[in-house]
Each structure stands twice: as C-alpha cells, then as structure tokens.
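Next come two complexes, and both contain chain A; in the first it sits with chain B, in the second with chain C.
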Partner chain A sequence: MSTVDHLNDERAPEGPAENRRVPRAGHFLYLVPGFLLYAAFCLWPIAQTAYFSFFRWDGITDMRWIGLRNYLELFTDPLTLTIFGHGLVMIVFYAILPVLIGLLIVAIMTRVRIRLLAIFRTVLFLPQILATVVVAVAWRWIYAYDGPINAVLELLGMGFLTRAWLGDFDTALASVGLIGTWINFGLCMVLFIGGAQKIDTQLYEAARLDGAGPVQEFLAVTLPGLRGEISIALILTVTNALRNFDIVWNTTAGGPGTETLVPSYLIYEGAFITRNVGFAAAASVVLTALILVLTASITIGLRRRY
Partner chain B sequence: MASVDIRNVRKSFGKTDVLKGISIDVDDGQFVVLVGPSGCGKSTLLRMIAGLETISGGDIKVGDDLMNAVPPKERDIAMVFQNYALYPHMTVAQNMGFSLKLKKIPKAEIRKKVEQAAEILGLTPLLERRPAQLSGGQRQRVAMGRAIVRDPKVFLFDEPLSNLDAKLRVQMRTEIKSLHQRLRTTMLYVTHDQIEALTMADVIVLMNEGRIEQAGPPLELYDLPANMFVAGFIGSPAMNFVHGRIENGAFVSTKGVTLPLGVAPEGLEGKDVVYGVRPEHLHVVTEPGVGAEAEVQIIEPAGSETQVHLTLGGDEIVGVFRERLDLAPGSTVRLTTDSAAVHLFDPESGRRHIL
Partner chain C sequence: MESKKEVVFGHAILLIGALIALYPFVSIILQALTPAPGSGAEGWTLENFISAWTRGGFSRSLLNSAIVAFAVVVATAIAAMLAGYVLSVLKFEWRVAVFALLMIGLVLPSEARIIPLYNLFASTGLLNSYWALILPQIASSFPLATFWMANYYAQLPESLSEAASLDGASEFEILRHIYAPIGMSAVLTLSCLVFLFTWNEFMLALVLMPDNVAVQTAPLSLSFFAGNERTTEPQVIAAAAVLVALPVVVAYFFLQRRFMQGLLEGAVK
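Let's turn to the complex of A and B:
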C-alpha cells in the first residue's frame, strides 16, 4: 500500500454550496414591514430606556440631565449591588442546577432504556407551560409553615429543621431559587433528550468497544453531542434567571427584608413605586448588558469548533 | 490474534428468531466474509461477537475463552462501523488514540502507535484534522486506524464500504485486503455485496434468513453452489435458471427447448429439474444445426464484455459474451453451454444434484 497515491483521487470534503447571490437593493424592500415593527416595538423602547437613564425623572414632570449619576448610584449603593448579586445566585438555581440535573438524567437514559418516556417527558415539562402565578401559589403552599415539606420533616423526626422556608432569612433565597430549578429542569431535559436522540448510537457502541465506562462514554459522546442544546438551555435559563420577577413577586415579594430582591424588582420599584424612572432605566440598561455579555460568552464558549 | 469459534448461536428479539443456529469456525488469521441479503442477520451476528448484543443461545469463543458473558471492552475486539462512528469533536489522532488513552497508556507511546498506524493508512498529513474535514474514504481509513492501534485479537467490519462511491469502494477493497495480509489478524467482514465477498474472502459464509446456506472458499461457492439460493446469490449477473425435465438423458425445458448436458444424469430420468447455467458459460454458435435457438431482446455493451438478454422458448435468460458479436434486438441466435459448468437443481428443495 503506498501512502501517497490514495490521497490524491479522493473528493475534497464537501463544503457549502457556493451559490450565494448578492442581494439587490430591491430585495431589502421585503424587509421593511418587519423591520418597522421591530424598530417600533423593540429598538425604539431600548433607545428610549438608554436615553432616560441619563436623567432624573419621575415620569411626569420635566426631565433633568444628570449624566452618569444613576449608574454611579447603581454601582456604589451596597443594596443594589446585593440585589444584582441575588441575580447571579439565581443563575445557579435557574440555569446551572437544571442543566446539571438534565445532563445527569440524559446520561442515565443513554445507558438504561426508560419506559413511558413520552409521559415522563410531558410531566417534567409541565412546569414550563403552567402560568407562573399558579406555580408560585403552589410553592407558597408547599413551603408554608404548615405545608408538606415541614410535615414530612416532622414525620422523619427532623422537626428541628422545620421553618417558614420563604420567610426565613437563611433559606428564602435558596427556596425561591429551587422553584426556578423545578421550572427549568424540565425544559433542559426535553432539550437534552431531543439532542441525545440525534446522537448516532454507533458512537456509543464504538466508545464501549474502545473501553469507555459510563463516565468516559458520557464525556466522549453525550456531552460533546449535546453542545448545541446545552448552549441553548443556558441562554434561555440564564436570561430567565436574570429577568426573573413573577416567581419572586408572587412568593416572597422580595422579603424577608431585602433577602430575595432581584434586579427586575429594582426596575419595577423605580418605575412604579419610587417614581425614579431614570434610575430604573439605568438598572434596565445594566441588566440588559449583563444578559448580553453572559449569553454572548455562553454562545462563544460552547461554539462548535469542528 | 485468535481463532473465533461460533457454535450453534441463536438470537431472538422477542418472538422473532433472527439467527437460527449458526456455527462458524474462523481460523487464526483468516479473512472471513459474512454475506447475505438484507435482514438475514449478518450485523446481528457480528454485534454478538463484539458483545453489543446478548446471545440467546449457543457459544462464542475467541481463542480458548468463552465470550458469552464478557463485556465488550474486555473482549479485545475492534469493530469498524458502517458510518465510521468517529468522535466528531476529536482530531484524527485523538480518535485513533482514544482507546489507548482509556487504557492509561503513556502519551509518548500512544503517539508512536498512532503515527505508525497513520503511516500504514496514509493518514499522516491528516492527523490534526477533525472528521468533518475529511472525505468519506479518509474517514473510513481513520475508522480502520482506530482499530489497528489497538492491535486487537479480532477485527470486525460491518459493511465498511457501503457509503463510498464505486471507484473508492474498489480501491478500499484492495487496501483492506493488503492490510489483512500485512497484519495477519483474524478478520470478520460483513457485506451484502457478493463481489466484495468473492474478491476479499479466504472463506465466505453465505447466510439467508438466519441460517448458513453454504460456507467455503469463494470459488467453491461459485463452482459448486450447494443450492439454488447460493447459485443465484454468488455471481453477477446471476445464474440463469430454466425449469424443465430430463428426457432421454437430455434436458428439455417446460417450453420445449432442449439444452445440452455434459454427463447423462443417472437416476434423474423423467424427473423435474432446474437447469442452472451462468451467463458467462453461454456461447453463441454459428455452425448450422447446433445449439438452442434464442431471441435477442436487449443488448448492454460494457466494453470488456457484452450482456445480452434473450428469450429461450419463453424463458428469459442472460448471457455475457467477451467476444464482439454482431447482434440486433429481435434477431435469433443459437446458444450452447459449457456443459461441464451446468448444474441441475431439485425444484422442490433447491438442492444441487451431484452429477
């Protein structure tokens, strides 16, 4: 066997078809209606918000230019920093935990065939389609002092652990966060199951013949195969975590004290309660920037490199 | 390197019996090709040898070790899959070295083995590429490289060439064969292409519906097919079958055409038989009064030979002629056969009569 000549007569790897045409000016006409809607309902409000953030304004009387003072306040006030910190904690509960749980379940699924997968999947996806108010009310009851969690703890003889979970300074933030975990892990799982079903089963068999155990098989086949789905799941859930308002508002309303205040609450409070629209706008801009930076990092970090 | 001993192996998926008792002896270093129509259970058998499917009955031994309950990774068997099953996020070198890395073999040694295998397969310039940047034939070679670096006891191939174009398929066929001659490792190779089987195998195992129809060296299956299934499967275009009976020591088809026989068959006088003759054993004769008349239907020149579809009485047959013939559709020719190459089959059981 010669090493040279059989490289010659092979086809080059197939590339994308080179038949892209240069769009003509007229083609852009078709984009105009969509773009107008997008500009009116998305770009314009964003621009306005950014503009407001340089003013002190109560929403009614004259606006007063104050430059970067709103931002300065945002980044120096310990409370607002704590609140943005809560936003980051929420990422752990809303994004990282659900993704990890989802991956664990998919890892098990690739080894053991799960019967009634469709039902299982629907049940786990259910939290995604329930109205968040319903979810919040349900969990308020679950976490209540006379709710099922404490009842179970009593039953197990761990009565010393019982508390009003959402009212306790130590547990409120984590308790609210876990509701997000519950909501989001079904989404992650459905995404990952879909992704895992697209992975060629021969890859698993090849890995098994290569001598891979369950963990190595997961690292060599499942995880790389789910790269795209993990990226989408993280983008959705991280955004969700940082924008989170309804669950918090309907369970703890930010309490006890300021324990569960989240960035969106700052915006709500500034815009509708303290009537400090400029500050709310600045908080929105920072939150938006944070989401953009995080989702961009996720996209770049998990980009396909092959 | 090891022999493989397959003893009365069965496989059922639920109620369907896919393999109904298969026994094959593969000698150490032999190249055995499992061939058969789609769905006959070739892949299933191969996967059972690899340990990817459980064994419903019988024994599989590699060397002297019973493999029935041994997990795949401890069998020391490498498999090349039909769609290559390369890890898409790994480079060629990482793909080939993956199994060694799992065995915790030192990096330098992995490198050496990968480079050696790459050299054999002509993959050296491609080691840092990823599978997506390779052509089909190159991926195919990486898949083989991944098997070679492990230096396994047995190589299994499941239709490794079926995703390649015709020209590359022929080239890879030769390469796999020369790889076998170089490594001398026992190889089991699955294909549904009888040409691949004939050209590559030391031994062909022809399967059908979960059973072995015949096993033996390629030319034995070609020259002495055990039955009509083997006769029809091996060889292309397929053997012509003409139904008829033996009358006065000659064959007369149901349409009344007499065809020549070499030896007057004993004990078949007056019996119904199937007359089998390969297209390449038909000849056109010009001397008057010799041979059976046939009408030319379609002529397919292929350069080195010409395939001609004819009707003989009412039976459709195919002839392959190496000489240039001046034929026209609708014209009549007279045919004879290499009478030594004629087979007679029992129409009921399909078995070949020993003449």
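Let's turn to the complex of A and C:
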C-alpha cells in the first residue's frame, strides 16, 4: 500500500519498535480533535474564571481590578460563610451518611451469601441514573404537605410533626440533604458489598481463630479490605455534595430565606442574577479548590497505609 | 457457616434498602397514572402522559435531548478513540504531560467554567442553540473518555499492533481495522456513561439555553414545567418526570452492567 510507504519514509532510521518513541508530527493529529474542544471549552474558560475573580465586574461594563478583595469578601461575609457551611452539611448527608449506611450493611452481610444479588444491585443503583430534576420532582411530592411522609405521621398519631418539610426553616436543609443520602446510599452499598466479596475468606477464618467477635472482625478485616471502595465512594459523593445545584434549584431554590443556599447556587446567582461576576468567579475558584483538596486528601489518606 | 438468623436479617435489611431506593420513582409513576382533578377518567389512566406530552412540549424537548446526547456521545467516542490510541498504543512521547493536562478536566466542576462559557456563546451568538450544549459537554467528557480508552488499549497485547505493522498496515489503518473494532465493548460502556451525564445535565442547559424552547433539553423543560405548579396538576408533572426519566431507565435495564461499571470505574481514573 502506498500510504504505508509514505509513512515509513517519515520514520527515523532505527527499527520500527524503537521509533515509536520518537515524536512524529502525524501523532499530534490524533490529539487535535479532542484537545481543540477541551482547550476551548474547558481549559480556557477555567483560566478565565480565575482571571475574572480578581475584578469587580457586572459582566457588561468595564472590569475594575480589585486584587484579592473578592476573596476577602468571600471569607469575611457571614452569609457566604454560612453558604459554604451548608456545603459542608451537604457532605454529611451526601457522603458520610451513605458511606456509614453502606458499611453497616456490609458489617451485617459479610458472613452471608447474598441471594438475588443482581436484582438488589440493579434496584439499589437506580437513584444514580435518574436525572436530578426527576429526583427533585419525586421528592417534592414526598415532602409535600399532603404527601406520603405527613400521611404516615398522621397514621402513627404524630400529626403534630407534620409540615411542609422543604418550606420549614427547621427542616429544609436536612430535607434537601436527605435527598442526597437517598441518591448515594445504594451506590455505597453496591460498592461495599462488591468489595467485601473480594476479601480473602482466610482472613476471616484467621480472625475467628484469634477469637475475634463480629465487631473486631469488622474493624480488623472488613474495614481495611474496603479501603479502595471507601475511597471511590467518598470521592464520588463528596464531589456530588459540593456540586449540589440541581436538587436545590428544583426543590427549594435556596429557601426558605437563605436556609438551603449552597455554593453552586451562590455562583449561579452572582453570575447570572445579581451580576456580581467577579465575586461569583472567586466563589467558583474556592469551590473548585475545596473539591480538589478534599478528593486529593481522600485519595492520599486512604491509600497510604498499604 | 452462616446462621439462619443472619441470613434472614441481612436480606431483610437489603430488601428495605431496595424498597427505599425504588419508592420515589414508583410513587411518581403511580401518581402519573392517577386521574388529575377535573378529569373524567376513573382508575388508572394514561391521559396525564398525553397532557404532559402536548402541553409541556416534551415531544420537542425529548428530541432535543436525544440530538444533544447523540452528538456528544459520538463525537466524544471518536475523539477518545483517536487520543487513547495515540497515547497508549503509539506511546505518544509527551503523554505524561498530556495525561496531566487531562487530569485537570477530570475533577473540575462545571461551576468553574460556566461564566466564561456563557460569555463566549453570548458573544458568538450561539447561546440558545444546540452548539452551546454540545461543544462544552464533548470537552468535559473528553478527559474521562480518553483515560478510559487509553487504559483499555494499554492492556491489549502489544503483539497485536506489531503483527499488523509487519503486514504493512499504517498506524491509522491499525486503529481502524484492529483497535477500533476490538475496543467496541469499551466504547459502548463509555458511551453509556457519557449518554447518562449528557441526558441528565441541568446547570449547563439552564445557563446556556434559557430562552429558546425549540432547543431546550428534557430536564430543563421539566424544571420549567414543574415550576408552574399553579397552572399544572401534580399528576401531569409526575407524568412529565416519568417521560424524562424513561429513556435512561430503559437503557439502564438493558445495559445495567455497563452503566454500573462505567460509573464505578470512571471514578477510579
């Protein structure tokens, strides 16, 4: 084939195996389509966001350089701090609770061979694949004043507890958070059950011979054996928690008052509603940094001891 | 050995977990099948679906979602096959640097680029068009997809490409006739994942196509439709939500292994 000869001509004189290491102009072409888009619509916008964060800007008129003032405002304004605090509360609901639930299940199930595992897995994973808007619509109904939760409370004679859960100052944030717990608990269960099955059964036998009870067995064998899975679960769910925009937008829109405002909502509002673009950019830089730091420390913290 | 008590207890807990996972979705399906107030129907009915389909314009927005998802999946798959091949099989010399650059995109939230993207599309007149949603999503899927394909190709035996190059095939021909067909299974899993993310994307759609009903995707339509609770019955909103979820749910039940594998392994990389 003539094209082959043509390509061969361009090759360096070493053998065919060796010249794979030599960079060739043709090889760049393979990267061009993806990288062009990646650079234009990911890397460049990110650089721009970082740049905007040093300006006061309404998105239309001239930008005014203000150095680190946006960041200063971010870390001193009580409302902003509360909003980032809500982000951390979301981590409890989206990440820590689901992981604990998953671990509890595994602790109970390690000695048991699970029947119908495939079906359980399919069902438990379902919340992960539903669009967040759909999830929000479903939960709005569940939390509604005439919804199932209040109906059950009435039935149990606890009618005094009934309320519009998403509209109540005392319960709104936790109610939004529990939606996240619901989205992620199945993922953690599936991950940990899968991981527990890969743990060498001899380790359990050895632990039992040493006289370990169920709790010691869990702490000494199961928990260390699941380190990788816990790390994956935390990375997925913590990122989810901090990027929780869709659920808030479609359930409470941040209300009542500022009860359920989260960082991504702050960014959206600043950028597109109140037109404080520089401040919103600074907030997204901080949010991004937070995600990076947390995922990196999860990865490192859970890997080191091996 | 497992004791009977543990078996029963463990399965009971799993069953409760499964019911909790199912309940919200099942409850909106049931709600969607219940006649709306003011309707003459009794028992179960499909009229809420018809009502949502026509009043909410979901025939249009589901089609829009399909167009956007299809474009993003195909373009990402092709770009990732090319890049994965050159990075792993051809051992692109600067691949360490390239992978490092791709790592950036792997963890970044869309919040970090939403403002410049809006400005870019506003100034080019592409706001409220398919492009505004397709291009950024190919870009954000590209890093994960490339890692995915590079990993897959790297575990294939090297003799594969060596034998072919001895037969006189060019590097591109080796990709086209050997690596691309062999990698189809990996591409399919990857496509499930990208399809899922693209179909469900909300924030980008909200910001980048806010004013043009003709191109809006299904989740965005649903959000607007469900926001008008005063004019829309909850049963019809529920039906709309089921319509939006259905394509993904159906795909999930047929390809669940790929979806799970994609979501779980996608996180490792």
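The rule is short, and it goes like this: the second predicted complex is superposed on the first by the 264 of 306 C-alpha atoms of A that agree within 3 Å, B and C clash if a C-alpha of one lies under 4 Å from a C-alpha of the other, contacts with A are read in each partner's own complex, and residues count from 1 in each chain.
The rule we apply is simple: a contact is a pair of C-beta atoms (placed from the backbone, for glycine too) under 8 Å apart; a residue touches a chain by one contact, two chains touch by 3 or more.
Note that the structure is a prediction, hence the values are computed from the model and not measured.
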Contacts of A:Leu261 with chain B and chain C, given as first, second, both or neither: neither
First, second, both or neither for A:Ala212, with chain B first and chain C second: first
Contacts of A:Val99 with chain B and chain C, given as first, second, both or neither: neither
Contacts of A:Pro224 with chain B and chain C, given as first, second, both or neither: first
Chain B versus chain C as contact partner of A:Phe245, first or second or both or neither: second
First (chain B), second (chain C), both or neither touched by A:Ala40: second
Touched partner set for A:Val135, first chain B, second chain C, both or neither: second
Contacts of A:Ala282 with chain B and chain C, given as first, second, both or neither: neither
Partner chain(s) touched by A:Pro127 [first = chain B, second = chain C, both, neither]: second
Which partner, chain B or chain C, touches more chain A residues: C
Common interface residues of chain A - those touching chain B in one complex and chain C in the other: 1, 3-4, 7
Chain B-touching residues of chain A, taken from the complex the two chains share: 1-4, 6-7, 9-13, 200, 202-203, 205-213, 216, 220-221, 224-225, 227, 305-306
Parts of chain B lying in touch with chain A, wherever the complex brings them together: 47, 50-52, 72-73, 77-79, 81-83, 85-90, 98-99, 102-103, 119-122, 124-125, 130-138, 146, 150, 167-168, 171, 175, 178-179, 182
Of all residues in chain C, those that touch chain A in their complex: 2-3, 6-7, 9-11, 13-14, 17-18, 20-22, 24-25, 27-28, 31, 75, 78-80, 82-83, 85-87, 90-94, 98, 101-102, 104-105, 107-120, 135-136, 138-140, 142-143, 146, 162, 165, 168-171, 173, 196, 199-200, 202-203, 206-207, 218-220, 222-223, 226, 234, 237-238, 240-242, 244-245, 248-249, 252-253, 256, 259-260, 263-264, 267-268
In the complex with chain C, residue positions of chain A that touch it: 1, 3-4, 7, 16-17, 20-23, 26-27, 30-31, 33-35, 37-38, 40-46, 48-49, 52, 59, 105, 108-109, 111-115, 119-142, 148, 182, 185-187, 189-191, 232, 235-236, 239, 242-243, 245-246, 249-250, 263-264, 267-268, 271-272, 277, 280-281, 284-285, 287-288, 291-292, 295
